[in-house]
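In the two assemblies presented below, chain A is common to both, partnered first by chain B and then by chain C.
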Partner chain A sequence: MKNTLRQVFHSSKFLTGFLIFAAILLTMWIYPLFNPGNPLEMIGVGTFAQPGTYFSLYDAATTRTETLRLPDADEKRITNLVSDADRAAMIEWFGLMEIDVSEVDATDIDALLDLWLEHYDPSVKIKGMTQARRNFFKRLDKNLRQIRAADTLLVMHQEEEELVEKARITKTDYVNVSDVANVKRLPLGTDNFGRDVLKELVSATGTSIVIGLIAGTVATLIGLTLGLLAGYVGGLADDIIMFITNIFTVIPGFVLLILISYSIGQDQRGASVVAIVIGLTSWTWTARSVRSQVISLRNRDHVNLSKLSGHSLFRIILTDILPYIASYVVMAFILQVSSGILAEAQLSLLGLGPKTTVTPTLGLMMNWAMLYSAHTNGSWWAYFPVILTITLISFSLNLMNTGLDQVFNPTLRD
Partner chain B sequence: MKGYRKYFGKKILWFIITFIAAVILNFVLPRLMPADPVSAITGKMASGMTDATAVQEIYKRFEEEFGTNKPLITQFFIFVRNLFRGDLGTSFSQYPRKVSDIISSAIGWTVALQLPAILVGWLLGNILGALAAYIRKGFDKVLLPIALFLSNVPAFGMAVTLLVIFAVKLKVAPIAGGYAFDMIPNMSWRFIKSVISHYQLPFWSIVLVSIGGQAIGMRSMSIYELNADYVKYARFLGIKDRKIVGYVFRNAMLPQVTGLALSIGTMIGGALVAEIIFSYPGLGSTMYSAVTAADYPLISATTLIITIMVLIVTFLLDIIYGFIDPRVKAAQFDA
Partner chain C sequence: MSEKKERHDFTGGPLCLSGRNVTKAFGLGDRKTVAVDHVDFDFHEGEFVSIVGESGSGKTTLSKMLLGLLNPTEGEILFEGKVRDISTARKKREYWKGIQAIFQDPFSSFNVFHKIDSVLLDCINMRGGRNLSQEEKVRLMTEACSFVNLKFAELTNKYPFELSGGQMQRLMIARIFLLKPRILLADEPTSMVDACSRATILDMLLDLRDETGMTIIFITHDIGLAYYISDTVYIMEHGRFVESGKADEVILHPKAAYTKRLISDVPKIHEEWDLSTVDLLAKEE
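Up next is the complex of A and B:
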């Protein structure tokens, strides 16, 4: 046993898979310690807030400031405030006014702004320009002038119809983020309901892995029992079991899954029920391979010896057969776990996943992101981490499986 | 051909048995469940109604329509009789369209998308896997991890990724649908062009997903065969490498055909979900809209049709397997 384990961990494939999976498990366990609370709490009011660090502007306005004179601060500020569309509009206006912009670099926003302030005249009427377009340029001019003009911002608060100055913010005022009372880091932004995606993802990964484990256990237990019975007992039992197994191999488990899940109904469909149903529809592979392994073991000498000694069926199976197929069963179990996680995700995408208000799962997160078209509005953080997590879990499990396969089937070794 | 009679006879018998089992399951499963579909539908239709007798009336009407007030065995025969007439009931969500009508307009899209995609993915995967096994060294080192990773990307994940890269960011492909939304299906050149451009992303997402798994399977089968005794013996006899490789890959292909037959159900399941991402007008999207609208007859019909499709493909693969596996051939002619 010890030797086998050493051999298994010697396989680089198994080790890589194991490390990835362990890292995922560890994150699931450690992250909630730092960021406790309900993963489904809706902290954002809008949908799909970008990933990043958010700090309260209200708190920041009254936090002690330091004066920093950074040489490129103005330039950065202007670049940030003038959008690409504004820039294009400025150049368009210069073109219409036949002003030579060849000397000015379009990326040098400072120079462009100078040119604009020098030349723009709202009273000039350009032929063929609609009133709406002219108003657009007027608004643009107003915005651009503000960028240059405003030196100090005043923060006021109202006291009995009177405005009282609360803070004065100049361009060189800086606040240390750690001094601000309310800072929220959202490394993966928020989702369509304004929930912290990372927190949700960690919790969903946990649920999905549990679903995979339950599904894998159910499938392996059924497959193992049927395979052992069919292979060892043989005869009529074998015929009946193989008949059923053959039928369920051809009828796609996915279809059965849909039928059963739909029939159960939304209310009864908790995460564990979905997991059990997945397990109930995916045991055929294990049953088939266990049976063929057992048949090749059935007439080995040690089994016959056990039979002659009058050991019970249960004991023979437990001590003389199971140890020989254990590696196989473990490998099958690993594959079942990974396909169980995938099955849950697909089921949820169809709208047949676990009940939606209690726990997030990877499939449900994907389903929500798709329902709110995160993929077409550019909110990659709502679905891409989910896809990556599913892929990584199943990648690591499959790597472990391949590694085990190579240890136990020497012909496959590189 | 004559020698195959027994083989084919057995396969056809199995096909019929599984078909019957599938129909029975499709009938029994929803009726076994604690939730009564009729009351679920009634609940949906009667939401907001306060008049108990009206709700009762609705329940009776649906009971009548589904025949759930009759004994189970009578229901089953009605179900089978209607099935043979091609009558799968009336859709709730697209009332008064017939379910068979909706299915027949969707099935073509699914078959035309998935069959070529799975076949191309299978072929490409096998070629790459065989090459990796034969060349080994650098090619294998690069290909194997990529294939392993790709084979673990779920079909819907690949679909979303391709969609975002090519349709949303690069704008070289349309975002959704089977053809441009402002068109009516016809045989004009413009329509065909639109269909082809909408076909690309769903097609390649299925191909890319299936390549990985097939390549890995083919690679390990080929390595296994390359190490077999007959290869060593043939080398020893001085048979040309080219010829040996031909035999090896032929032998390695056989389990791949069986593997395809066994995994086709799973692959189609994954591809159906990928269809939803692209709103492709096939069975996957039909099923999705049926689920969201709680359209019970449509769901049960879609699952039945998908099962039948998988059964037919598996049956065809079994037949092909009979022709290409020399062991089957030998067994038939000996008898």
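Up next is the complex of A and C:
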């Protein structure tokens, strides 16, 4: 047993898969300790806030300030405020006025702005330019002049009829983010309902893995029992069991899954119900392969010896057959867990997964992202991390399976 | 193995296991193969019987039917004069107290997940020794191991795969020693072990027979071995017994062509074993 484990962990494939899976499990365990609370709590009003750190402007205005004179502060501010379209419009105007801009670097926004302030004259009428276009350039000029103005922002507070000055913000005022009363870090932004995607994702990964484990256990137990009985007892029992198995194999499992999920109804479909339904439709593969393994074991001498020693059928199956196929069953179980997680994601994407608003699952998160068009409005953070997580889970489980296969089946070793 | 052992004559003695028209066919229609074809036999108590034949002649199928692991398609097997009834699990268990086996491949005969102690303890339990004290059980196991020249103290807490093939096969004999069945079916017990172990194992089987008076049915492809060890020989070809009788008669004066061929195929090891003196030209019946 000890040696087998050592051998298993010597397989680089198994080890890689195990480490990835362990990292996912650890995250699921540790992250809620730092960020407790209901993962489905709506923290924002708007939909799809971008990933990043959010802090309250209101609180920041009244936070104690430090004066910092950063040499590139102006340049950064201007770069941030002047869009590429503005820049293109400036260059277009210079061209129309036949002003030579060859000496100025188009990317040097400061120099470009100097040139603009020097030459722009709203009274000049360019031939062939519409009034609307002229007004556009006037607005642009106004915006650009504001950027350069060395002014101070006043924060006013209304008391009865008059405005009282609350705070004065100059360009060199900085606040430490940790001093601001309300800061929210959203590494993966928010989803369509204004919920923290990362928190939801961690919780959903846990639920999905549990669904996979339940589905895998149900499928493996059914498949193992039927496979052992069909393979070892043989005869009529084998015929009946294989008849049922063949019927289940011929009916496409996913269609059956959709029909069962649909007929259960939205209200009854909890995460565990969905998991059991997935398990009940995916055992055929395990049953068939366990049966073929058992048939090859059934006539071995050690089984005959056990029979001659007067052991009961149950004991022979349990002690002389099961240990020999245990490694195989473990591998089948891992694959069933992996396919259970994928089946849940598929079902939920179609809207037939666990009922919403109770627990998030990976499939439900993708369903929400799809319903609220995250993929068309560019909110990649609402679905891409979910896809990545599903991929990582299946990838790690399949890697573990391949690693085990190589350990227990020496002909596959490389 | 040089000295020829003393032979006994069991003709007319009490019957232990007999078969009438025993047949086993696999498959149906065009694909039907008859592995054992209407054979009759009478094995007496205390007799050392050899069933000799090439591979594919139906020896192993016959042995499985004798053990009750396969049901004959036709004919009946009589155990101690009565038609054997192994229709239920309980009756089978009762039958297996009377008949036990040693298999060809010692490496696949043991469950690799069970320790040697549990293999031997199973035998004590089967003989009704479930309630014996721990000391008594250890004494019985030690006795059985010393019968086959193994030291129980060295084997305890070991797994079967930690032993050599010869040691495993001797452990199988220790198992039989504990079970003391009326009949032992040895299906080529020496074909997978080295030559030195082979002689030891054969001598142990003879000792076992002399000590307990059990019937030993020895299945082999080696007619020289059968001649050395057995009282009675059955020659099997294509599922039928082509010749049977006392070992001296069958092997020194073979009648069937198949027997003659088997004898001519034996390599010469020693002049005493030179079977070319056998009259191969005697007229076939």
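Keep in mind that, in the parts below, the second predicted complex is superposed on the first by the 404 of 414 C-alpha atoms of A that agree within 3 Å, B and C clash if a C-alpha of one lies under 4 Å from a C-alpha of the other, contacts with A are read in each partner's own complex, and residues count from 1 in each chain.
Note that in this section a contact is a pair of C-beta atoms (placed from the backbone, for glycine too) under 8 Å apart; a residue touches a chain by one contact, two chains touch by 3 or more.
Bear in mind that the values here come from a model prediction, so they are computed numbers and not experimental data.
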item	value
Which of chain B and chain C A:P252 touches, first, second, both or neither	first
Which of chain B and chain C A:F137 touches, first, second, both or neither	neither
First, second, both or neither for A:M366, with chain B first and chain C second	first
Partner chain(s) touched by A:I390 [first = chain B, second = chain C, both, neither]	first
First (chain B), second (chain C), both or neither touched by A:A345	first
First (chain B), second (chain C), both or neither touched by A:Y328	neither
Partner, of chain C and chain B, that touches more residues belonging to chain A	B
Touched partner set for A:F18, first chain B, second chain C, both or neither	neither
Intersection of the chain A residues that touch chain B with those that touch chain C	none
Residue numbers on chain B that touch chain A, as the complex places them	14, 17-18, 21-22, 25-26, 29-30, 32-35, 37, 40, 148-149, 151-154, 156-157, 160-161, 163-164, 168, 175, 216, 220, 223-224, 227, 262, 265-266, 268-270, 272-273, 276-277, 287-288, 291-292, 299-300, 303, 306-307, 310-311, 314
Contacting residues of chain A [partner chain B, same complex]	246-247, 249-256, 258-260, 262-265, 267-268, 338-339, 342, 345-346, 349-352, 366, 370, 375-376, 378, 380, 383-384, 387, 390-391, 394-395, 398-399, 402, 411-412
Chain A residues touching chain C - in the complex, by the definition given at the top	300-302, 304-313, 319-320, 323-324
Touching residues (chain side chain C, partner chain A) in the complex	67, 69, 89, 92-93, 96-97, 100-101, 103-105, 108-114, 122-123, 126
